[in-house]
Amino acid sequence: MMTVTAARQLRNGAVCFVGIGLPSAACNLARLTHAPDLLLIYESGTVGTRPVVLPLSIGDGELAETATCIVPLPEVFAHYLQRGRVDVGFLGAAQIDRFGNLNSTVIGDYSHPSVRLPGAGGAPEIATYAREVLVIMKQTPRSFVERLDFRTSCGYLGGGGERAASGCPGGGPKAVITDFGVLRPHPDTQELELAALYPGASLAAARAATGWALKVAADLESVPLPEPEVLAALRDLNARTERAHAAPIHITLPLAP
Amino acid sequence: MMTVTAARQLRNGAVCFVGIGLPSAACNLARLTHAPDLLLIYESGTVGTRPVVLPLSIGDGELAETATCIVPLPEVFAHYLQRGRVDVGFLGAAQIDRFGNLNSTVIGDYSHPSVRLPGAGGAPEIATYAREVLVIMKQTPRSFVERLDFRTSCGYLGGGGERAASGCPGGGPKAVITDFGVLRPHPDTQELELAALYPGASLAAARAATGWALKVAADLESVPLPEPEVLAALRDLNARTERAHAAPIHITLPLAP
Amino acid sequence: MELLPLTEAIAAYVKDGQTVALEGFTHLIPFAAGHEIIRQGRRKLHLVRMTPDLVYDQLIGMGCAERLTFSWGGNPGVGSLHRLRDAVERGWPQPLALTEFTHAEMAVAYQAGASGLTCALMPHHATTDLEAVPGAPVKMLRCPFSGAPLTAVPALIPDVTLLHAQQVDAAGNVLFRGIVGAAKEAAMAARCVLVTVEERVARLNADLNALVLPAAVISAVSIVPGGAYPSYAQGYYPRDNGFYLAWDQIARDRKTFTAWMERHVLGVRDHATLLRTLGVAA
Amino acid sequence: MELLPLTEAIAAYVKDGQTVALEGFTHLIPFAAGHEIIRQGRRKLHLVRMTPDLVYDQLIGMGCAERLTFSWGGNPGVGSLHRLRDAVERGWPQPLALTEFTHAEMAVAYQAGASGLTCALMPHHATTDLEAVPGAPVKMLRCPFSGAPLTAVPALIPDVTLLHAQQVDAAGNVLFRGIVGAAKEAAMAARCVLVTVEERVARLNADLNALVLPAAVISAVSIVPGGAYPSYAQGYYPRDNGFYLAWDQIARDRKTFTAWMERHVLGVRDHATLLRTLGVAA
């Protein structure tokens, strides 16, 4: 449901900076259904890639073989993100706050962390430069927090236009897609509000899964069920991917001299 | 004779940053005779090129087809020259002074030049970064001048160690090869002195062709005549080049619709 | 990306007064696009190009340009660009202001533009008078870590970058093969990218690591076979070195230059006609 | 360039206390070279790599490193690097100091090193706490032209950069094909470059614009088929995603990790033996 909902946010023709996992699944589902001309860029340097199966890593051979071009990694960030050529960026994180700021660095103190997370990667630049950002995260009180332990990447900073006033070029998080539904920023305060719930998900449970007092949009929507053809496309994609990843690796060594 | 003398300055295995014309001929002559493992870099981005015929321009197809690799132009300057990977750089100019500083920008005042020359190109960086520089120029009172109209690229600046003291990383001009012989910098003052004369060239004529009071090295040498096999290699190279350049161009256009 | 005839692409995207870069280093110089700019009578252009070459000699001599940003302005392997010199030395047909870099500076200026930066850095060594000429574009600063002197080079951001390439595919992606100079950086720096290509193909003949510009960064592609002549297109036709030598005589004199341009550029409909007139194409 | 067995190349060029970068982004990660560093018991290394991946988890867990410079330290698509976490969170087997960049910062840090610069620039936006952590490597300055805030990133100059590639030719030139990450920049930045390759060929199977490192910039090449496993080599073998998943369990516990390393790295003579032991090669 998260994958399908994320895929729906993508308009055909958009230039997407794709992370691995759920974002990659969502982008490719969109490409295989309503948005065949999405331009997918993975930070490994593959531009315009059209993978037949989903990659496990951000640099699988599948991405290289099906790409329009492969560029050196520095150019992905400089020529595409920094130069303002990316329409949609995807982010996940260990923690998010009510203004969509994200932590993927540490839980606890930076110098003495209780959990050392993987770190920034491309997230700060995606958050800064993409015209819009889609965040995909499971909603729990430990991840949707009142106060981040560390701000790795920015959402709307303190809200109320602070981000735009700081000169930050991108548009910030347009939607946060969770396992309960979709949060969107309030137009003025930019505080994330529950904008849509999945069929069967309850408002009370969504509130309980949030570490701050979650506000609800005036016109709370219900996310429509996935269309059967979209579900079928997703099942096919996942099945192809599982088969491909199950194939054993065999390396032929030259005969010993 | 200038070509052969320049070629002799090159030790096998050196990384050479090559300009078009005489330097290109000299480098390829060296490569075809005593220095088969010269690594030739043209500023067009061809690295390790082994042209069969001499290019007219610095970016002929011949250079691309016979190269180890083609790199984007910015990398030639950044990764090779600036990073200190170039052993020998070649330069020519419209004017040179007694310390090997060069002018290829203007004759007259910069804002109102009597002659607008082509300009810097890669010369300032070649002059700055190459471990050693070879200058190839015809010797005339108009080109070997007391005072440059404009310093495009540095030799030894004011001499007497000023270049090294300024922090300039490369080694400066090691030899100036003219149509009279070879000038080399004095070890202390770094003033260019006549170090060798071609057979048949006279000291008086060389002095008359110099716009400053040309000093002569204590051990003035005579440049040996070109070895017959070197002359033969040069003639072959020139003949191949002429034949190749004489071939008419024909472009096939698609039939008009 | 839209596929347009060259006349329409130039008419739609190149305007008087713009900053326009035609790149391609010796190879893949977009001559046909330059000629179409001349035919359409663009004026007051700020022309940008590392090595102006003959096509800028032609644009300058025909009065299209009021400023030139460049790093080496000669006829490669031949000598002077006489029209460039005439404009700088004697203001004919109009004065030409210069912004002058070294190759390395101009390369990083494009890189800065391509990277969304306002400037780029190089190590600074006080070796050239260029940094002190009136209107010199560079400034000095110090490395905040080492204290080493650095040259700051302002970013180049062309309104339009025009390139020539070998192939465009059905989706509008463009393949550049061979010597590429600073074409990629000039393209990624620009607000608008126009490309002429030798041919349209279903699928690019491209290696995994080939230089391909995706359709998304290109405004328009025009199919102009021979569009780089008298420069060359690797795999299609070689450089016409004879033409570069002949240009020295043609351009030396204002009258022979003007007559040549009237006959071969203004007087022909398109590049194919020019190639036929010159006897290069049948 | 000299052709050396991997044991000799590591013995000759990789020394205790050096700054060492093993690059290759997901693709062409030099696992065999990393294992040989472990086998030879190097200590106090400053390890540099954008995405530490399993090979750095192994080097760190075996006590080879005292500092890590990186931009994303996870098991791609799987989760944590448990040995990296154990070193940072609990100092096992020894404390690990961190220098932390973003991907974009680290890419320009390599570029600066590759370009003979002491630092590189990026536009600055006050969006991340990273720039304020103790020992943060970056500094702020202002564009001398626009006044815009800029981030200065110090150059990365490894003592040794180790890479894996597909082919070396008779002259010692090396071909990289497929996803290249920041391999070229890491190589050109380094004082010494070591490369392992899948095979030696008379002539590289390389396109005109392929990524080839000339022999002149390489210190030594070692022929190690399968040398990137469990990462991959485009055109030779795919990534062993199953191994990356399995590593999560192996590395989670100090004892299973140590046992695995003793059996599969310390306990084998070379990479071919490791591949046979794992059943990946016959």
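Every chain is named by a letter (A, B, C and D) in the order it is written, and numbering of its residues begins at 1.
Keep in mind that, in the parts below, a residue touches a chain if its C-beta (ideal position, glycine included) is under 8 Å from a C-beta of that chain, and two chains touch if they have at least 3 such contacts.
All of these numbers come straight from a predicted model, not from anything done at the bench.
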Shared chain contacts [chain A and chain C, defined touch]: D
Whole-Å gap separating chain A and chain D, where each centre is the average of the chain's CA atoms: 26
Chain C and chain D, separation of their C-alpha mean positions in angstrom: 39
Residues of chain C touching at least two other chains: 111, 116-117, 122-123, 178, 180, 208-211, 234
Two or more partner chains touched - positions in chain A: 64-65, 70, 78, 82
Every chain pair meeting the contact rule: A-C, A-D, B-C, B-D, C-D
Complex contact set, residues of chain B against chain D: 15, 39, 47-48, 64-65, 67-70, 75, 78-79, 82-85, 129
Residue numbers on chain B that touch chain C, as the complex places them: 20-21, 43-46, 55-61, 63-65, 70, 72-74, 77-78, 81-82, 105, 110-111, 113-125, 127-128, 150-154, 157, 166-169, 245-254, 256
Of all residues in chain D, those that touch chain C in their complex: 112, 116-123, 139, 141, 143-146, 148, 150, 152, 154, 176-178, 180, 207-211, 234
Touching residues (chain side chain D, partner chain A) in the complex: 25-27, 50-51, 70-74, 76-78, 80-81, 84-85, 88-89, 100-104, 107-108, 110-111, 122-123, 125-130, 133-134, 178-182, 184-185, 199, 225-226, 229-230, 232, 234, 236-244, 272, 275-276, 280-282
Residue ranges of chain C in contact with chain A within the complex: 111, 114-117, 171, 173, 188-189, 206, 208-214, 216-217
